[in-house]
Amino acid sequence: MRGLIIGRFQPFHKGHAEMVQSARKYEIILVIGSAHQSYTFENPFTAGERYEMILGAMGEMGIERFHIIPVADINRYCIYAKHVAEVVPSFDVVLSNNPVIREIFEKEGYKVEDVPFYRREEYQGRIIRERIAKGEKWEHLVPKSVAEYIKKIDGERRIKNLFPKRAADF
Amino acid sequence: MRGLIIGRFQPFHKGHAEMVQSARKYEIILVIGSAHQSYTFENPFTAGERYEMILGAMGEMGIERFHIIPVADINRYCIYAKHVAEVVPSFDVVLSNNPVIREIFEKEGYKVEDVPFYRREEYQGRIIRERIAKGEKWEHLVPKSVAEYIKKIDGERRIKNLFPKRAADF
Amino acid sequence: MRGLIIGRFQPFHKGHAEMVQSARKYEIILVIGSAHQSYTFENPFTAGERYEMILGAMGEMGIERFHIIPVADINRYCIYAKHVAEVVPSFDVVLSNNPVIREIFEKEGYKVEDVPFYRREEYQGRIIRERIAKGEKWEHLVPKSVAEYIKKIDGERRIKNLFPKRAADF
Amino acid sequence: MRGLIIGRFQPFHKGHAEMVQSARKYEIILVIGSAHQSYTFENPFTAGERYEMILGAMGEMGIERFHIIPVADINRYCIYAKHVAEVVPSFDVVLSNNPVIREIFEKEGYKVEDVPFYRREEYQGRIIRERIAKGEKWEHLVPKSVAEYIKKIDGERRIKNLFPKRAADF
Amino acid sequence: MRGLIIGRFQPFHKGHAEMVQSARKYEIILVIGSAHQSYTFENPFTAGERYEMILGAMGEMGIERFHIIPVADINRYCIYAKHVAEVVPSFDVVLSNNPVIREIFEKEGYKVEDVPFYRREEYQGRIIRERIAKGEKWEHLVPKSVAEYIKKIDGERRIKNLFPKRAADF
Amino acid sequence: MRGLIIGRFQPFHKGHAEMVQSARKYEIILVIGSAHQSYTFENPFTAGERYEMILGAMGEMGIERFHIIPVADINRYCIYAKHVAEVVPSFDVVLSNNPVIREIFEKEGYKVEDVPFYRREEYQGRIIRERIAKGEKWEHLVPKSVAEYIKKIDGERRIKNLFPKRAADF
């Protein structure tokens, strides 16, 4: 049985890791949403970089069979479910708490299951990016390998550069 | 003589209906703008659903000869007038109070006429969507058939789902 | 009951008219495909011009209740059916002999019905465009109002200009 | 060391399998090109279907560590290398015999290595699709699991439907 | 030696002029960013109009050898540097204070140089557009020829029309 | 008075040069069409490379005041004239022998003038590219500086690589 999880993973954090853990009964397909967005404060990392983060985190968790698929935005939510389904292997269930994801996938006949939340007030991409931008402690909010990877690619500096000014503002 | 009206019709409300009534001397072309936008709080309904709303409302008003044409956004206002004109039958006048619509159509040589406003503080798509999202009374602000259609497709629940979270926020 | 017919209508010809006649039990939705293509030999007329042709032909046939909806290409056949369905009112059946149209709509759960062919060797857009380009007789292959409209907008000259050279060839 | 292979895999055939075998010293990244193309004779299968074919073939070959990433066309070859590199994990070498692939990746500083050809006159997507379309024997040209998968999804019928008529021809 | 300057030039103001002056040792390439944006408050002028403003200002400054190239947005910052480089003549250095511009061009191997700031609190496109919208004095903030050109094309009225209402809000 | 010339300039050849010479009474705007196409046999050179070719040729001819503007394709000929006009400075006349260019610009109210043909059987981009691909003499068909530039960027090799195989064929 395959379960589909959609996220932007900016960055992949412990909330994502917990979601994956709770879904270990499924062969998981991780869809990297907004795959073409990068170098903005909202989406600092490229899809390739996020792919590497997920590879590392799956290794840490000892998960071996999974799929990672970057999917570009289509900005037409009515056909977003089909847009995703076209490029991923077949799946049995979508794992999501987002009511819109639920609605647009159920509308196309897919089964959608809730996933548990883990310290949602902390485990959020935006909060982690803001902590990085402000020079606050953030490493404890992501898997160890993700923190290392972000430091290796000098990701903290990138996020600080993107914070005060919007990339589009030149 | 044909008159062109551009709107997003999210949903089609009594302000739109009054505008159509005041323009009965024209064979009206209703352009459904932002046709590919749907399942966001700003644009909850698909172009097809908006088409159905307008069909119902025109039936209520006893108007028989009219045209409904969904037009996708182009996000280049300088050529938007030509983008619309390419896909609709020929028209004699644009009916609009929007100064930008006036400017971009007049620039291309089209005639633009003002239309009267009707209780603009109430008859606004955004206000109606917020009322629906908050569970307030909203049915009196749209034609009867539109209220029925929105209920039939479970549109109130969709708008409530879209309200607190942005659809892009997954 | 509504029936959906997809065509490029370059131009709307007697084959299309016969198809519409044979489907009079349905409230017909005519989708103008490749809506943004025009001024090429394959697609000489704009969607707006094709809209006018269809209006005229429907008038000739005395059909009063129908829908004409221009739809831009998406060039992703896997989601083409959803792309169309998003912008048209709900429909009960697709009317088509094209095996690909059948496959991509049936895949999404739509019912597809065959339609009769009428002198398919003559009633073809390409043949009519080539006749116009070569200065041969073509008017008998389209409804009378369509022939008049093409002449009114000087469409014969346009097709002749587009014939020997491709528009993209500058 | 990671090696990148770009193909359309319509379908994944024994030529592809041999190329993968010859590159077993690398952790292979298989880029599914033209990811959004499907339901045409040139590109009959969706990216998701091609993903399944590759999964099966890799299983047959006993290869466990690899990456499959669908990448949409960008139709701007000058930036195609960067378009691919943005969404895949980092790689050390591109494996290709195509002189254009070589040129556009070398231009961006990537290393490109030749790969051996295997019965190129037979192991070609186009030849296999034509054999399927004509009802000729084709199963011996693809890995066993690929032949089974194509039959399971009724892919032979789809290719036959796409053969005589172009999908765009409605 | 050629130096590349990227701006939106909405409008071209004295801060831009000072930047150009300080870079006179280079043959300057002025990239008009967001070339397809116009008729919004953020981007009121077309690329063609901004081209004329720059021509005028360069004439005022007595600069004869320079290049002006409109470049559309791509909304993928990771490949934006290549997107620009593909359509401009070769250049030796990028002149910019924007940390994101610096990052995305340095990543591709280009040299980036800081430029001095001039009264940044005043010489800003947004401030000038707001002054125009509010009927305040603004002419002293742009080169004389730019002020004349904006008046000639009735640009003050356009900006006032765009100010209270967003162009997308119809 | 400004005159607009649209070409793909793959490469800029003596036919283009003669056209420019014959239009010296105008301040010429050279629009590089299909600006994003490159690394195909039909369009081997990037817009930036074609820009350099034109700079060189204008220098050879001693023409000092001109404009070169790359314009991406829009693939909607009905609005192509407006698409071009939006991003270039104002112009008084279009110089072209192409009947489609004439039609789509005249439709928008622009004046179009014929230009003389020079040895059209020889001075054609396609013929020059084929000569290069086949290793035949071609240098006499383009301005001296263009031949030198193509050699400098190793353009002959690129065209040979693109000739037998289509770039899309991987």
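Side notes on the structure shown:
Lettered A, B, C, D, E and F in written order, each chain numbered from 1.
Keep this in mind: a residue touches a chain if its C-beta (ideal position, glycine included) is under 8 Å from a C-beta of that chain, and two chains touch if they have at least 3 such contacts.
Please read all numbers here as calculations on a predicted model, not as lab measurements.
The set of chains in contact with subunit A as well as subunit B comprises C, E. Each of A-D and D-F has its own count of C-beta contacts, and the greater count is at A-D.
Centroid to centroid, with C-alpha atoms defining each point, subunit D and subunit E lie 44 Å apart. Computed centre separation for the pair subunit E/subunit F is 27 angstrom, with centres defined by C-alpha atoms. Chain centres here are Cα means. That of subunit C falls 35 Å from that of subunit D.
For subunit C, residues touching at least two other chains, in rising order: 36, 38, 46, 76, 78, 86. Going by the touch rule set out above, the chain pairs that meet are A-B, A-C, A-D, A-E, B-C, B-E, B-F, C-D, C-F, D-E, D-F, E-F.
For subunit C in complex with subunit A, the touching residues are 76, 78-79, 82-83, 86, 109.
Of all the residues in subunit A, the ones that touch subunit E in their complex are 36-40, 46, 158, 161-162, 165, 167, 169-170.
Residues of subunit F touching subunit E in their complex: 35-36, 38, 46-48, 51-52, 55, 67-70, 72, 85-90.
Subunit F meets subunit C in the complex at residues 6-8, 33, 75-78, 80, 96, 98-104.
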